[in-house]
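What follows is a pair of complexes built around subunit A, which joins subunit B in one and subunit C in the other.
What follows is the complex of A and B.
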């Protein structure tokens, strides 16, 4: 029971890391997606390289680099900001790819019709293309979010006291009694968050299909 | 369906369209070879020809969805010179004058039918939401689809979607309308509804250029028939006359192929 309370008390940090990183990713993915589709070859190439590098480096390495390697005037990043930024950068790259794929699925006729009506590029992007792409992107974004919740546990390696960190700590402090129990409890909490999220995202996906 | 009092195209005078010496290549392939064509204000020109003849490309050059390599396009008093850089302002001004209807309707699936027609008015003409929606309802009435206002296009049949697309284009008070095979994606019995709306529009005096395989429409509604092949205009004239007695062997072959379908 004690173990359960210890793990559950760390749930807010798991959620903060996940939500913070996902928020950064949702916004950061937009410029990256635009860069990936730029008409200027140099911009396109540079963005592609950046995205591939970000995705090519393991999450744990990213967090180590940010936490141990980055300093502003002698000040190192705290563990929580390092985790949020690190996972946020990775999310940006993955979501940029998801966005790009979704925009490609929007039929060409949509932007043609907007052009023929005389709508400008910005209005067309914001009101015609983006909402349609977003609907297509939703299920993939939800899948990514589910993976991100679990990946947030990697933040424990740089000392963010989220659920896995709490479970580890509890197990160390009670070596004779705890055993694997704290990890088992953590697993239950992860599942308790993931499964409803998956169900909701599938429901949303189906409803949007009907209205599309 | 016909409500003659709802004259909507008379608020803005219709404009003529003049295409002069237009050429266009895709890579090495010359799609349009020095085409010239004049459409007088308020007239209906039917553009026919085998697929790959360049008729759709020519139509898309009129509102610069395709940029011609050479030549000029004149709509009303606005002339656009190909090759020169067209400013965004000129481009929007041209497109504001010309409405277009596509083979695949291209309604916005995430908007209701009403928003499809009202949204462009608000953005392009600066109409208020009430004003734009009121106008949209008038036009939906006109195409016989008032009851569809609150639904999404996905719930409408192809023929209904195409009539909504026509209403969407008309809502912007265009001075000329382009139709790119508006019934080709529809079953014949549904195409009839769309043809009826177009016929009515022609009667209001709208300038229309219609790429089509509907020979009956071309003959009965068209003032002028243009036959294209391989990027050239091979024959043109009064529709009934061209159809009854084509000068060119290729026109003859094309006509008999289409009429036999």
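What follows is the complex of A and C.
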């Protein structure tokens, strides 16, 4: 029971890391997606390379790079911002790919119709293309969010006191009695937050299909 | 501090990372096939437990799987050496994820294929091995290749149970040289040097396979 409380007390930090990184990714993914679709070959190629490099480096390496390697005038990043930024950068690259895929599905006629109606590029993008693309992107975004919740556990390696960190600490403090229990408790909490999210996203997906 | 002195160490780490990847992918996909068959079984006593195992494998972080194998199992009297623990943990994760891909692939084979096989007098095992499986695995290949790349990146988690793979070597080198930024940047690029060409390869294979269907 004690172990359960210790693990559960760390849940907010798991959620903060996940939400922070997802938030950065949702916004950071937009410029990357635009770069991936740019008409200028050089921009497109450079963005492609950037996205591939971001995705090619394992999460743990990103976090160590930011936590140990980056300093601003002798000031190192704290573990929590390092984790949020690191996972946020990775999320930006993955979400950019998801956005790109869903923009490609929006029929060409939509942007042609918008320009026939005399709408400018910005208006067409914001009010015509983006809402339709967002609808198709939702299920993939939810799948990514589910993966991100689990990946937030990697933040424990740079000392963010989220659930896995709490479980490890508890196991170390009670070596004789704890055993497998704290890890299974953490596992249960992960499953407990993932399952409802998966159900909601599936329902959201079907509802949006109906409206479409 | 001359970092090139430490490159062989990172190289050794990369070799172990690749070995762990090979083990977890080969054994993991084989186990994944078994799980896939279990989940599609008509026998409830087989289907339900397999489904629970697969959902646990997919639902909990790979890091937690490694901790359970390495720190948790000794508590119930089973002790693994760290490389073996990493291999077991990563294999289980790869198996859980691959099983869903393999199952989806097998399900995508039209039912008529099985009926046709039966009409030709092929028995269960032959029909599966020669007719259903080759077609089903084909549509699962792009996903499985992507998963193999993810498994390669996932070996970096073995750092947390002190396996001397690339990430651990890089951490050790960085604490000797204090050149954190450069060491982790080189390490990152070493992962990229494997992962990115592999991604291109899998995209090529995907295109090639799609051409066959057209």
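Quick notes on this structure:
By our rule, the second predicted complex is superposed on the first by the 212 of 212 C-alpha atoms of A that agree within 3 Å, B and C clash if a C-alpha of one lies under 4 Å from a C-alpha of the other, contacts with A are read in each partner's own complex, and residues count from 1 in each chain.
As a convention for this text, a residue touches a chain if its C-beta (ideal position, glycine included) is under 8 Å from a C-beta of that chain, and two chains touch if they have at least 3 such contacts.
All values reported here derive from a predicted model rather than from experimental measurement.
Look at A:21: by the touch rule set out above, it reaches neither subunit B nor subunit C. Within the superposed three-chain model, A:119 lies in touch with subunit B and out of touch with subunit C [touch as defined at top]. Within the superposed three-chain model, A:53 lies in touch with subunit C and out of touch with subunit B [touch as defined at top].
Once the two complexes are overlaid on the shared chain, A:10 sits clear of subunit B and of subunit C alike. With both structures placed on the common chain, the touch criterion links A:171 to subunit C but leaves subunit B unconnected. By the document's definition of touching, of the two partners only subunit B reaches A:135; subunit C does not.
After overlaying the two complexes on the shared chain, residue contacts for A:64 are found with subunit C alone; subunit B is out of touch.
Among subunit B and subunit C, the chain that touches a larger number of residues in subunit A is C. Residue contacts after overlaying the shared chain place A:98 against neither subunit B nor subunit C.
Shared contact residues of subunit A with subunit B and subunit C: none.
Considering their complex, residues 52-53, 55-62, 64-65, 68-70, 150-151, 153-154, 156-157, 164, 167-168, 171, 178-180, 183-184, 186-187, 190-191, 194-195 of subunit A touch subunit C. Of all the residues in subunit C, the ones that touch subunit A in their complex are 55-56, 59-64, 67-68, 71-73, 75-76, 153-154, 156-157, 159-160, 167, 170-171, 174, 180-185, 187-189, 191-192, 195-196, 199. Looking at the complex, you find that subunit A touches subunit B at residues 107, 109-110, 112-113, 115-120, 123, 127-128, 131-132, 135, 211-212.
Against subunit A, in their complex, subunit B makes its touches with residues 63, 65, 88, 92, 95-96, 98-100, 102, 104, 106-110, 119-120, 123-124, 152, 154, 165, 168-169, 172.
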